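Letters A, B, C and D mark the chains in the order given here, with residues in each chain numbered from 1 onward.
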Amino acid sequence: MMTPQTLVRARNLNVKFVSRDATVHAVNGVDFDLAEREVLCILGESGSGKSVTLRAIMGLNPRAKTVMSGELKLCGEDVIAASEARMSALRGRQASMIFQEPMTALDPVFTIGRQIAETIVRHEGVSYKAAMARALELLELVQIPSAKRRLEAYPHELSGGLRQRAMIAIALSCRPKLLLADEPTTALDATVQIQILLLLRRLQQELGMGVIFVTHDLGVAGEIADRIAVMYAGRFVEEGPVRDVMRAPLHPYAQGLLGATVHAGLRGKRLTTIPGAPPDLRDLPTRCAFAPRCPMVENACRSAVPELRGPEPGRAARCIHVAQAAQAA
Amino acid sequence: MLKYILRRIAYAIPIALSVSVVCFMLVHIAPGDPIDAIVPPDTPKDVVEQVRKDYGLDKPLPIQYAVWLGHVLQGDLGRSIATRRPVAGDLILAARKTFVLALTAAMFGFAIGIFLGSLAAFFKGTWIDRLAVSFAVGGVSVPHYWLGMVMVIFFSVLMNVFPAMGAGPGDWQWDWQHIQYLILPALTLSCTPIGLLTRTVRGIVSEILNQDFVTTLRGKGLRNRTMMLHVVKNAAPTILAVMGLQLGYLMGGSILVETIFSWPGTGSMLNAAIFRRDIPVIQGATLVLAMFFVMLNLIVDIMQTMIDPRIVRK
Amino acid sequence: MSTASTTSPDISGASASGPKKQQGYWAGVGSRVRRDKITLICGGILLVMFLLIVFAPWIAPYDPLQGSMARRLKPVGWQGHLLGTDELGRDMLTRLMYGGRYSWFVGITPVTIAFAIGGSLGILAGFVGGKVNMLIMRATDVFYAFPSVLLAVAISGALGPGIFNAILSMTLVFIPPLIRVSESVTTSVRNLDYVESARATGASAFTIVRVHVLPNVMGPIFVYATTLISVSMILASGLSFLGLGVKPPTPEWGMMLNTLRTAIYSQPLLATLPGICIFVTSLCFNLLSDGLRGAMDVRN
Amino acid sequence: MRMKLSYLLGAFAISGCISAAQAQTLRVAMTTSDLPLTGGIPDNGSEGGRFAGYPIFDGLANWDFTKTDAAADLTPGLATEWKVDPNDKTIWIFTIRQGVKFHDGSTMTVDDIVWNFDRHLKESAPHFDTAQARSYRTYTGQVVKYWKIDDTHLALQTAQPFSVLPYLISRVFIVSPTQYKKIGNWLDFQMQPSGNGPFKVEKINPRVSIDLARNEEYWDKGRIPKVKKMILMPIPDANTRVAALRSGQVDWIEYPAPDSNASLKAAGFNVVVKPYPHVWVWQYNHTSDSVLQDKRLRLALNYGLDRDSMMELLAGTAKPSIGFYEKESKFFGAPKEMFKYDPEKAKALLKEAGYGPGKPLKLNVQLPTAGSGNMVPLQIGEFVQQSLREINVEVTHEVVDWGTMLTSLRQMPGKGAEPRRDAIAHGLPLGDVTNFYSQFTGMANKLGSNWSTFIHPKVDELANKAFQTFDAAERDKLIAEAHSVVVDEAAWLFVVHDLNPRALSPKVVGFNQAQSWYQDFTQLTVKD
């Protein structure tokens, strides 16, 4: 085995959505690397920029309106500069994506088998028949019962859990190195969530994929991630190994999210209890974006965007109180 | 599926019957004695009484309807007041010509409308979109009979490239000698479907393009033409319904264009009948066109069922 | 729905926004309309037209029925006749102003009446549901089985020419679609949580309709009705063109278009003026209703 | 389909011309809204007779189109001569032309002609034409008896002596009994009619065209058509007719709208006009049903109408009318009332009758939208309406299809069956003196014409006398005298005389317009 290759590399990644009325600064300087077989979990509220980041990696944000800057590489390919055709060749092949709502993420008027097979045909150039055979194997791989019959089924004929399994089967159809999961369990019942999560973890290990997992469910993050990044107003406000972050968050926002103590029973609990609302991203924040909601706010917080500070190796947070927080931990 | 189709057909029967009731009532909403609406005013008394008996006009309305329906089901739509010829025979000839016109206009309209609509949806927000939308709004806003007049002046009188009127010599045939007669009226008639289709297709396609599964498809790295296939299959049921309705509207709404172009179809037949107060012709033409529309809706429904797997289970 | 999503707007459409949001909602619609130049321009043109036709008796330069053979079919701009004169030497501008009264009247009245009747029936069907809904909607289906122009022409034709009959037949054409739209909007509002809860607290049906249903359904129904106005204007002028509308010498655009047609070779511009009036009015109503719909749809 | 499209585009590029040259085919646009009936009893008035009558059929007497500088008169048709029985002035004896063949090949006999009169008059005959015979009562109503004298002679008998009978029965078209017997009913006969006229029906395309072909066997060798074919199309819309002519789709159009004549001439088309016996009027309702019983009002309208201004509207296709007959006609007579535009006199008359600015005279007038001889009825009607408004007369129009109006004319007013009408406005023929008879006499009123119910003892007396007078000059004088009474009584509102305009492609040569409602299509040719 060679040295682990970097699947994703982001440096000062910025994503803006420009329309006639306004410019929305969705992602404002994100840095991270993802190694092979590594699982990164991005935590954040709606509108924090986590899904946008994920889509940016695949070049899936609406092309006409999106302006990206900084550096973003997917399996060595420069995503910002790459042509649509080039990206299209990577998508589904090197990196795949699964979504929150399998009902709407699957085309309602095509059979499951067809939707899996067309990906295989596209990237591997095999016959449709061979692709269907593969599709059957994939359905079995994701543990869909009576897979053969399900090949001919339409999405609305499956239960939520089975749909998400089918979605995963599509994503895995070309054995990608990277799986991007955008809140894949949020829309499912609690019991089904666990099954899907277990399935994902098993597949990640069996197939040796790197995974970026976007969620606002802490339990999910704890279950599957190697590392966690907490995102707020388009920035990573904290990043670190899963255990450390869960145990002792450094950033007041992360602390707010996690509450005072962290324990295993958090699964299924939503991020709910911080007073106030996230900032309007139509204006690029020039100070700590969390300041208006922060219990520990100081004047310094309002003068500039805090730098990422790392009190210990592998951990970092954008807060001037990092040192104190680290000590308190 | 078959069960659904049968149920749909069963549902169409009461509709068709109700439509026939409305058509039947046309004679009765005409002011005065209904008998005056179906025989010429100078008909001798005894003949009038004979007709009154034949049509059961001396009986209560429901019985009259039953008698009338009996006649209709045997293909007897009564006689024209003006020509005394049976309405049915003339109507079939005319309906055939109108169908040729409506179908061609529909094809023009659908092709251009779908093209412009998709273009607008794919380039939403750009000048292409705005241009297509302006064209569409223009198409639905223009009084097409006025457009027809202008086209005749331009293409027939000044440039002399298309005939100004009529449907060509003798029976209709799909050869150039006849098709040249079709072009101007069909173009005129197609401006409404162009507008409507452009708007509908733009709406549907941009809605589909905004749906999550399109992101999934892009995320799978599909080529554009495969993506198109998905968009088309998703848009098809709705667009099919709109197209069906439009074809029906064109069949029933060609009266002005047929009048302008002296196209010998049901429209000009209706127009002439209205002025002669030839109620049997109005009634017959309305019945036939409305029944065509009912049939068309049925066919569209069934086709939708075949395309869209979601419908049957509902 | 998780509270984490409070920042994302409630996207279930205009009809679904709760009563408390009304103030802000209509203000939002207003500001969106104000920003939409095309809608504003169309509204402006229609307003000017409306004023011109309403005040025609006071501001029209001539008598609409008074002509003179000596000055018939004069071109646009001819000696004090800004838009020329018609085939009987009557001032075109005056006749177009007066003609607009009838065209607008015949175009808008059927939609208004149909809005009242179709809207009520639709709301009734949607709110009461059950057998009443069944009855109303099946009756609607029957009229839906006719192509609209055909229905209008057939009824007008059977009743005979005349402005009243034309309006009657067109009203009948527009009632069914308005019933359908009102019914579907009302049904969706009826099932919303706050309506359910109002019901649970024992509010009378009348109160629920007045306080909760009407404010939420009127907007979408109204917007839909405005889209029909343009259809109605064209249909009305068409009926009139066929001779099923007003009687001469009453000016009306459709009929003026018809009678001026023979002059199209000698005075082409003159002969197309009534057509242009119909086109512009219909176009403006179309764009206006598009704009309104856009502004009322929160998703945009 | 794709093949056809490219063919289609190619065809433009090369030819740029739309109508395949149809040598020796005359394509005519009629003004009717449908085909005139082709079974020998054409509807659509004189235009029906012009196109679906004389070209296909002959009457016992035909019209003479050779003298085009005077009003056309009768000429022998299927009868070589006719005379009144010197012993009984009610009996007419017609000598029937021998050896004339119907289009189906059968030879015409006297029995065939009797059979044709049975079609019109004998209700018990199996082939009595229930549907259409009634509409020809104007022409056939005078005949009370008819019989075959011998193989060459036919007798027609009238109730009283009637000196102008041949004019009436000239519109009784003779059809082939053989063909009828083969077909079995009049409706189907209309699809395959057979007569003896110069053209035979090749094909009837319902609502589209009547296709006629030259009858090589025509008995009058001088009138065997020079064109091979004649195609008659109904195009009720005046603008469409003009467009059809200008785009080369037809060679001949009836009644181009006056406003398009200048542009037609400029584009090289021939617009032909010629006086012919026509008048556009309001037929007043003289029954107790209408205020127009009052002579003062009838006079007032005639003085209050500005006919000269109307000539502008009609752009040289008409001249003012101040009587049923033209002022120059031998039948005009010497009426005391010579109508000219005199609004003051009109207002004075109205005032006398109790009308004025505060109390306008309100009239309800039926007006057709189109039709043979009706010119541009809507515009003329609107003009009259406007002109009369100036003397405080408010006219409401009841606009109807021409066919409806013709039916109205057969419904005598005052019977309460129809809405009250003060007048019916239209253009009508005065082709021969029988028209005078059928419009202004009490006798005609009994037979179902003279809708006005204008019954004047003096006129009846003069007319009766005239129709029993077999000396033409004497007869004309009596008619003129009766006409003077009609004018003095202001029996109708006289509006204009039409000049019979039609527009012809320059390819049509040799057409010499007759001063008649009927025209001769046999002498003209169509150049390639």
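The rule is simple: a contact is a pair of C-beta atoms (placed from the backbone, for glycine too) under 8 Å apart; a residue touches a chain by one contact, two chains touch by 3 or more.
Keep in mind it's a predicted model, so treat the numbers as computed, not measured.
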For the pairs B-C and A-B, output the one whose chains share more C-beta pairs in contact.
B-C
Of all the other chains, whose mean CA position lies farthest from chain B?
A
Taking mean C-alpha coords per chain and comparing to the overall C-alpha mean, nearest is chain B
Averaging over Cα atoms per chain, report the distance between chain B and chain C in Å.
23
For chain A and chain B, what's the span in angstrom between their mean Cα positions?
52
Whole-Å separation of chain centres (CA-atom averages), chain C against chain D
47
Starting from the mean Cα coordinates of chain A and chain D, work out the distance between those two points in Å.
89
Residue numbers in chain D touching two or more further chains are 239, 369
Multi-chain contact residues (two or more partners), chain B
149, 153, 157, 259, 274-275, 277
Chain D residues touching chain B - in the complex, by the definition given at the top
4, 7-8, 11-12, 16-20, 33-34, 37, 43, 130-132, 134-135, 187, 203, 205-209, 231, 233, 235-237, 239-240, 243-244, 246-249, 369, 400-401, 403-404, 407-408, 410-411, 417-418
Write out the stretch or stretches of chain D touching chain C in their complex.
238-239, 242, 257-260, 262-264, 306, 309-313, 369, 376, 378-379, 381-383, 385-386, 389, 396-397, 399
So in the complex, which bits of chain B are touching chain C?
14-16, 18-19, 22-23, 26-27, 29-31, 37, 137-138, 140-143, 145-146, 149-150, 153, 157, 248-249, 251-253, 255-256, 259, 270-271, 273-275, 277, 279, 282-283, 285-286, 289-290, 293-294, 297
Chain C residues within the chain D interface of the complex:
65-70, 72-73, 87-88, 161, 243, 247-249, 259, 261-266
In the complex formed with chain A, which residues of chain B make contact?
125-126, 211-213, 215-223, 226, 230, 233-234, 307-310, 313
